[in-house]
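The same chain A turns up in both complexes below, where it pairs with chain B and then with chain C.
Then we have the complex of A and B:
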């Protein structure tokens, strides 16, 4: 079947001029060839061969396009019925939002209202997200940890050899760039982490930047350099400690708030770095948790150990 | 001016999303996905959501791409890594 010209042009533009992928990998992407629709690919080539094959594939394609069009029209029709963004009759514009905006600074003390909402008013949700990260990292460790049961001596020797080769012929360009970039990236991550209640950012963003800095360090200076300050034991202490700190703080806030008791954590002066009560420690806890998780994902996928 | 910039970015998003689906090699897909994330983070910034923009830039572009590339390396789908004929 001949492809239309625009498709060939698009394909050429997207692919560039390298070698195309081998056949098995095309199945990984779920698309054996651009001429087949995905559903036709699932039916198998044997069904489509012969005299009736082209009719069947044609019908499948028409059906697929019709389905897409119907769903697209339904979606567009639904969007047309939505109230205007930011209008006065939007259901989201109610007393909850008004209270967040009017009383947020007074009740919680962070000048960044988004942080107020996600870490204190909706702190329980964010705690759930941190638990998801914790469980994700735990599952990755369970599946990918290289211990005596799934690693042969050959594998270990191979890993040692590749480490040695890495150390002998380290990429000089990456090393020099990382020497300049590492402190800046680390400082930027810490800044975003500690200023979460004053400016945009906070735990998740700052933690990912710190995790990225750790990954950069591992790539540029080798795993032994990272291990000198961040080993298995410190990883577990930080991960569990941060989650427990977060749990204790959020439980205390919910208990005090629900029972109308006075909160003993001082709110401080809005705008200064030591203010906003529980938000600063929670941000640091979330950030450390995220940084540990990101680095653990990277290193367990790559090497199978921390 | 801002509206024009926004429209250009939105068109870029659509082009990237379509191109990421049509490409047959996996490495360009990841690079196109990273470009998609970068444009999306600029759009968040224009829509006055800087918190989201920072997180999108750090997680969506940085960490996600690194993890995807790592998965590709484990599958030996990048030229120049071992087991590659």
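Then we have the complex of A and C:
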């Protein structure tokens, strides 16, 4: 049966351009390259549908299906022997968790026990996680930074043209809605950020919302508007500064805790906004870092520059 | 274990079962798709499956979320559910976001160089340009 035209177009769009393979061959990752080597010159689907290729692809397809099935059956058999869902005897309820729940408020001071764990008890781990985010952003910048080596004149012309079109016919509806929404979204992000120790939320969630607000700003008002208050330099200062602030705070806490010294940062009254010692500054640092990283991901994928 | 009993256990642990199925869907996607973008999406499926598994491991019937409503009452394990899985999942989500962004950046560079997302074609064109 012939596929309708819209389906072919959709398929073409999803697969990316270039000659699409009508029957995607199912080599498993490692085996595909040796099979392709002998006739690398003849490009396109014919190679993969050749007699040698089809047997190999058929075999690897069967092998892959078998792998998936065996894995699924093993895992389902394991799930059948797990403790009952929601029962009192789930393995997550052990003495570690008892300590976190019963002493968390007294020792760390935040009413949100999850925040206690991720920012203080397991603060070093979360610091590593922030470093992963930092490294992710750095790697994306290294890969996608638009410089003379990886951009052709056509790319630049295309970007210029799209910017010009954007500026000429800026979407009126988006602009008006964004004018109303931007302050609300920013305020909500800041609220989530600063209430991380009292309610669900915290640095990662609040930072994502702030990053979303920046992305909305770029889409509605153009990149020049965002650059007026958030340029390359400010981005690097915030990103590095937030990580250093976090490192200093977590080092202080570990040093004090390990040596049994008195902690000079007051814990405050549980439930008020200025409480829980180092959690509020850490949340703000993490939030700024995440907001910057989210916006950097967006803008580097689209434009190749901040 | 009999089949009926097995089915009863699977139904009781329905979230874990669903997460295993979701994981296998992601694994199959990784193995069968030749499109790099779809491979990244399949990786996201596998991440979500693991998060679902971890969060469902921390749930206890009748316990409330681990946020202390009244600081004057001492907190006990009989009231609050375990906060540890939530913390672990948060770590996982952040790492998966970074990983997704990094692999998409690599994919975009490959696309710019070889004008294709199909892994076989990228291999062929890379070999051709080497020769």
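Basically, the second predicted complex is superposed on the first by the 217 of 306 C-alpha atoms of A that agree within 3 Å, B and C clash if a C-alpha of one lies under 4 Å from a C-alpha of the other, contacts with A are read in each partner's own complex, and residues count from 1 in each chain.
As a convention for this text, contacts are C-beta pairs under 8 Å (C-beta built on N, C-alpha and C of every residue); 3 or more make two chains touch, one makes a residue touch a chain.
In this text the structure is predicted, and so the values were computed from the model without any measurement.
In the superposed pair of complexes, A:84 makes contact with chain C only, with no contact to chain B. Contacts of A:104 after superposition: chain C is touched, whereas chain B is not reached. After overlaying the two complexes on the shared chain, residue contacts for A:212 are found with chain B alone; chain C is out of touch. Shared-chain residue A:297: touches chain B and chain C both. Legend: residue contacts after superposition of the two complexes on their common chain; A:201 is shown touching chain B, with no touch to chain C.
Comparing chain B with chain C, the partner in contact with more residues of chain A is C. In the superposition on chain A, contact is made by A:10 with chain B only, not with chain C. When the two complexes are overlaid on their common chain A, residue A:245 makes contact with neither chain B nor chain C. By the touch criterion stated above, A:186 is placed in contact with neither chain B nor chain C. Looking at the shared chain after the overlay, A:256 reaches neither chain B nor chain C.
In the superposition on chain A, chain A positions 14-16, 18, 20-21, 25-26, 28, 112, 114, 200, 204, 297, 301 are in contact with chain B in one complex as well as with chain C in the other.
Taken together, the chain B residues at the contact with chain A in this complex read 19, 22-26, 28, 32, 50-51, 53-55, 58-59, 62-63, 66-67, 70-71, 73-75, 77, 79. Contacts from chain A toward chain B in the complex involve residues 10-11, 13-16, 18, 20-21, 25-26, 28-29, 31, 34, 112, 114-115, 192, 200-202, 204-205, 208-209, 211-212, 215, 294, 297-298, 301-302.
By the touch criterion stated above, chain A contacts chain C in their complex at residues 14-21, 24-28, 32-33, 36-37, 40-41, 43, 47-48, 61, 64, 67-68, 71-72, 75-76, 79-82, 84-88, 90-93, 96-98, 100-102, 104-105, 111-114, 116-118, 122, 125-126, 129-130, 132-133, 135-137, 139-140, 143-144, 150, 198-200, 204, 270-271, 297, 300-301. Chain C meets chain A in the complex at residues 1, 6, 9-10, 12-17, 20-21, 23-24, 27-28, 31-35, 37, 56-61, 65-69, 71, 74-77, 80, 82-87, 90-91, 93-95, 97-99, 101-102, 104-106, 108-109, 111-112, 115-121, 123-125, 127-128, 131.
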